[in-house]
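For reference, the structures are reproduced in the following blocks.
You will see chain A twice below: alongside chain B first, and alongside chain C after that.
Right, the complex of A and B next:
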């Protein structure tokens, strides 16, 4: 994989711009319930954690899908879906450890972030640098380590 | 109207007595004339509230209207207006709040909710994807607002909640409606109206979506607006310190409400309430829907009596109300903010009525046996106890819960200590320290003594020597600031005199009231980086792209003016008199920092303002000609 959406939850303020633009890009309406990025809101602790597809190397959703809808794109490494075969059973949603599979209630299928084909809308609009689109390299790994430590200490 | 209009398209009218709901479609003419948010409310309240009713009777109407552009990409468009006849002032009551309620309301299919009547038993409403459920609130009544919100947010995942706390249940006349954990519709007692309807909470949740008319254009103008806001010199300070930016300058000019307006500033204010304190006790920022500033802070008190207290906080209004108005410590001010949110009580009015009580105690008019304990400015524990008494209407609190205007009548010469305009307690801006557009707004505000409906879009927070007979304030900026202002070219030189470095207070007040009214209709935030560069030109472009309704900047401003005039007509219909537009006598008689107001000169500024508005210059009543121009000539005042 060349690049990936990197989440820095410490910078997230919960503004939700990522969600409204994501739903507009994918479903042609401002509608957080259709966004492929969620914000886990721990309001009584002042914590906001954006959740979207982490493009796992060995994705639990792929293994959970009975219909072979989900696969890894061999070139980009992005987790992609043939939604025409999706039966909407939502097994992938249960399997995903990041709550990153979204149920599209208009089409009755489950979807995930496809990084907008290399130009992710959510990253472009995030005003606080909580979402970045970075090459998968040492720097990215460092970011993820730091984020893991932060979450463990919350 | 078609689906692709940005509007949800419907108004939901709920009758709590009958448990029935009626859906009314919006039409284009209504949208153009009243825009949304406060504009819709103005018409709903004017048309629906009979003259002279008791605001706490079931004849009152509670209206929630989301700003037109809420829930999309336009920066800071998050705000929802709640209005009713105010039980505190008897006038047009209204309050504005952000966060995510409006987004969910529109996604549930409605631009406005109109709540009529009174439920037989305590109730909460669930509004979800076009449907209404009337649910029993027996298990929630008596709980504080945060407990209520906790329960409902867990029960209905992804929802937003508007809830009242004990103050609303107990009909405290300045009770608020809490908007989730972080925000509130606070001023003018909307929570008491909700309590009088036996309505504990409104839960909204929706998946219906909001469809802009012209996606490309709307995204373009959203981006343009973002660049304008980010390029304002107010942007970085507000991103860093939020509204606390105003705390220091106002202390410096003796323009703070210190100990019930007895001083312009407290001696140790600078040290105890400096910007550095914001850095010390906060970590992280919190944003409303689609905000690019995130002015709010997450506060954590790390030591002392209130160690472990965590909440969204450090905003200037609560900090100045409690810290300066009542002389409380910073930590206790944060504690008081928490308490007011849980109880659902307006912080400005509460600190105003407590300030009055302490002053009356110091004057020997209220005695220890009247309260049951001694009170003093700066006595954190006693003040918190008194505020608790107010929320639960215990002892003297039962009188104070009526607000300063009413409760002052219970005490000998109480009115001399009651710091309100038109029944609404005045927040921290003392006009003696600095007369400005902002301070004139306290007099001319539709809702009474309040600072949030009139403010110079380029508020300079600078010293004003009053050498211009109260008619001018210092401009204090360079030419680029002047050029950046989105104001009609013929009005600009009238409002700002670059050569003499002054702003005309009357002209700017009228303009900024209409501008803020426009913001409150479209759901935009009035924080300085937004108010500075966002104006009718950008908003007309955005509104047209979003709704598909062609509108010009001039038409937008005229709608804003129409809305203001309609609210004024409501107040006049309820018996507002010209002499009501007056500051407390103290401001004219007693100096702070060597300054006081001149009654005759202030009246002249007010006269100038009325002329700017096209109102009768003596009475402040809109002229027939003005009403005809606005299409309001059939309305009764």
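Right, the complex of A and C next:
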């Protein structure tokens, strides 16, 4: 079963370690702006939502791309890019509902989460368990259980 | 063995070929196209003109890629006829037998019959060759006729390489099909500030010159120029299809059903040459946009292979870069929506503008200048036809809204409007 990054926003404290580690492993810099995971911060409400590529089945970014850079890997199901063809037009960034495409200003290309080839740095560092790397069925079960508990406690 | 022939090597044709190969390695694919080039990105042509993108970078596929996907390529062929009885595509070189035919022949740019439009120095922007002849011509003073996305992108590109550029638009504001008058005038202001002259509501009457373009006369002035670029629209390449008895719609595109099938068995069509329908209103439309062509190609291919996949209609999304400021138009404009009750959410800054058009509580269109965050999420709401009250219900419930992370960017964008009013 393929694995996916499961985000539990309720556990996120907005510490930003995932962003720092992501930029380190991908661009060799401590620079959250280069990270492929973002945290949507609503500080006044105390809400932090980590947003990263959701590996959509029929992604809007694939259709938006003018250079056919983006495709779905047929085996892993990860949305992958041939960044050498990217012209940096950023159409994919606008098309993505999750704001999950990051502009890499060092290479002038747009990139997205590739799950670090199966060992995501963000998940490894997350101190609060807001990010987990789970097989898809297990992730769905976890979501379902959490929702059941929530409704039972209503 | 089954033989699928794809006519056309553009966005739709290639998307179809790739979709077939993703699902089926055995079936034989033959691609027939007019241009003797492997697939390139037509949307990036203005960027090639400006020098931002090199010629090599334009190509999406190399010849070797076709061979690797075992696609037989017949480039440089003109389609003369489709023999629907014998299931055979007749080109000027050979006859290609097909079991299924996918028509993705696209469109061509038109030059209206204005006096002088046959002089040297009249160009269109549609193919790579068009760009190359413009560069060879060495444009200095350029007149761009039409201010759709092609017109403005080309004007900006030529301005960037040092040309004096004038844009003439017949309608009363630029981007008449993409933006409402207010955002259009903001974009016009930005173009003018950078030195592009823009004249709206003017009609070109004649072009004059001795063999080569020297002057153009509109109904209000004469403009000196050595190059005229026509960006006034396109015509569907459907003549051979019409001759074969394929039904043509009222708007001039090939009529297809929601499986991208034409009225003739085993013939599918997709891309610029078809008449599709708008996802939001259901009305007939000629969508000439890259993402729609790609999706249509995929749908045609999958149905061709025997799947049953429905196309849910075209939706427009155009992103323009106006001297570093992003201008985005999604869905319909208030002109498309016409009379009737539309609500407008609007926010205007000095160099920023955003407007959401609503009808019956549903988002029908969005235009934004200088704002990019949250637009993809609003687009998703529009595609899913989520009403604004449903959206607000979810966002007001703390538990529900955590489940839909992409609602947050949309919420920040949609809640921030100060000016809400009923459309006139």
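Going forward, the second predicted complex is superposed on the first by the 138 of 154 C-alpha atoms of A that agree within 3 Å, B and C clash if a C-alpha of one lies under 4 Å from a C-alpha of the other, contacts with A are read in each partner's own complex, and residues count from 1 in each chain.
Here is the rule we use: a contact is a pair of C-beta atoms (placed from the backbone, for glycine too) under 8 Å apart; a residue touches a chain by one contact, two chains touch by 3 or more.
Since the model is a prediction, treat every value here as computed from it, not as a measurement.
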item: Superposition on chain A - do chain B and chain C clash or fit; value: fit
item: First, second, both or neither for A:17, with chain B first and chain C second; value: first
item: Touched partner set for A:56, first chain B, second chain C, both or neither; value: neither
item: First, second, both or neither for A:7, with chain B first and chain C second; value: second
item: Which superposed partner A:107 touches (first chain B, second chain C, both, neither); value: neither
item: Partner chain in contact with A:80 - chain B first, chain C second, else both or neither; value: neither
item: Inter-chain angle, chain B to chain C through the CA centre of chain A, in degrees rounded to a multiple of 10; value: 130
item: Touching partner for A:96 - first (chain B), second (chain C), both, neither; value: second
item: Touching partner for A:28 - first (chain B), second (chain C), both, neither; value: first
item: First, second, both or neither for A:66, with chain B first and chain C second; value: second
item: Smallest distance from any CA atom of chain C to any CA atom of chain B, in Å, after fitting; value: 10
item: Common ground on chain A, meaning residues reached by chain C in one complex and by chain B in the other; value: 10
item: Footprint of chain C on chain A - complex, ascending; value: 7, 9-10, 40, 42, 47, 49-51, 60, 62-64, 66-68, 74, 85, 87, 89-91, 93-99, 150
item: Chain A contact footprint on chain B (complex, rising order); value: 71-73, 100, 103, 107, 146, 150, 153, 158, 180-182, 206-212, 215, 219, 226, 284-292, 294, 298, 310-312
item: Footprint of chain B on chain A - complex, ascending; value: 10, 13-17, 20-21, 23-24, 27-34, 43-46, 105, 125, 127-128
item: Contacting residues of chain C [partner chain A, same complex]; value: 14, 22, 41, 43-44, 47, 52-53, 57, 60-61, 290-291, 294-295, 317, 319, 321, 326, 328, 372-377, 379-380, 399, 402, 405-406, 408-410
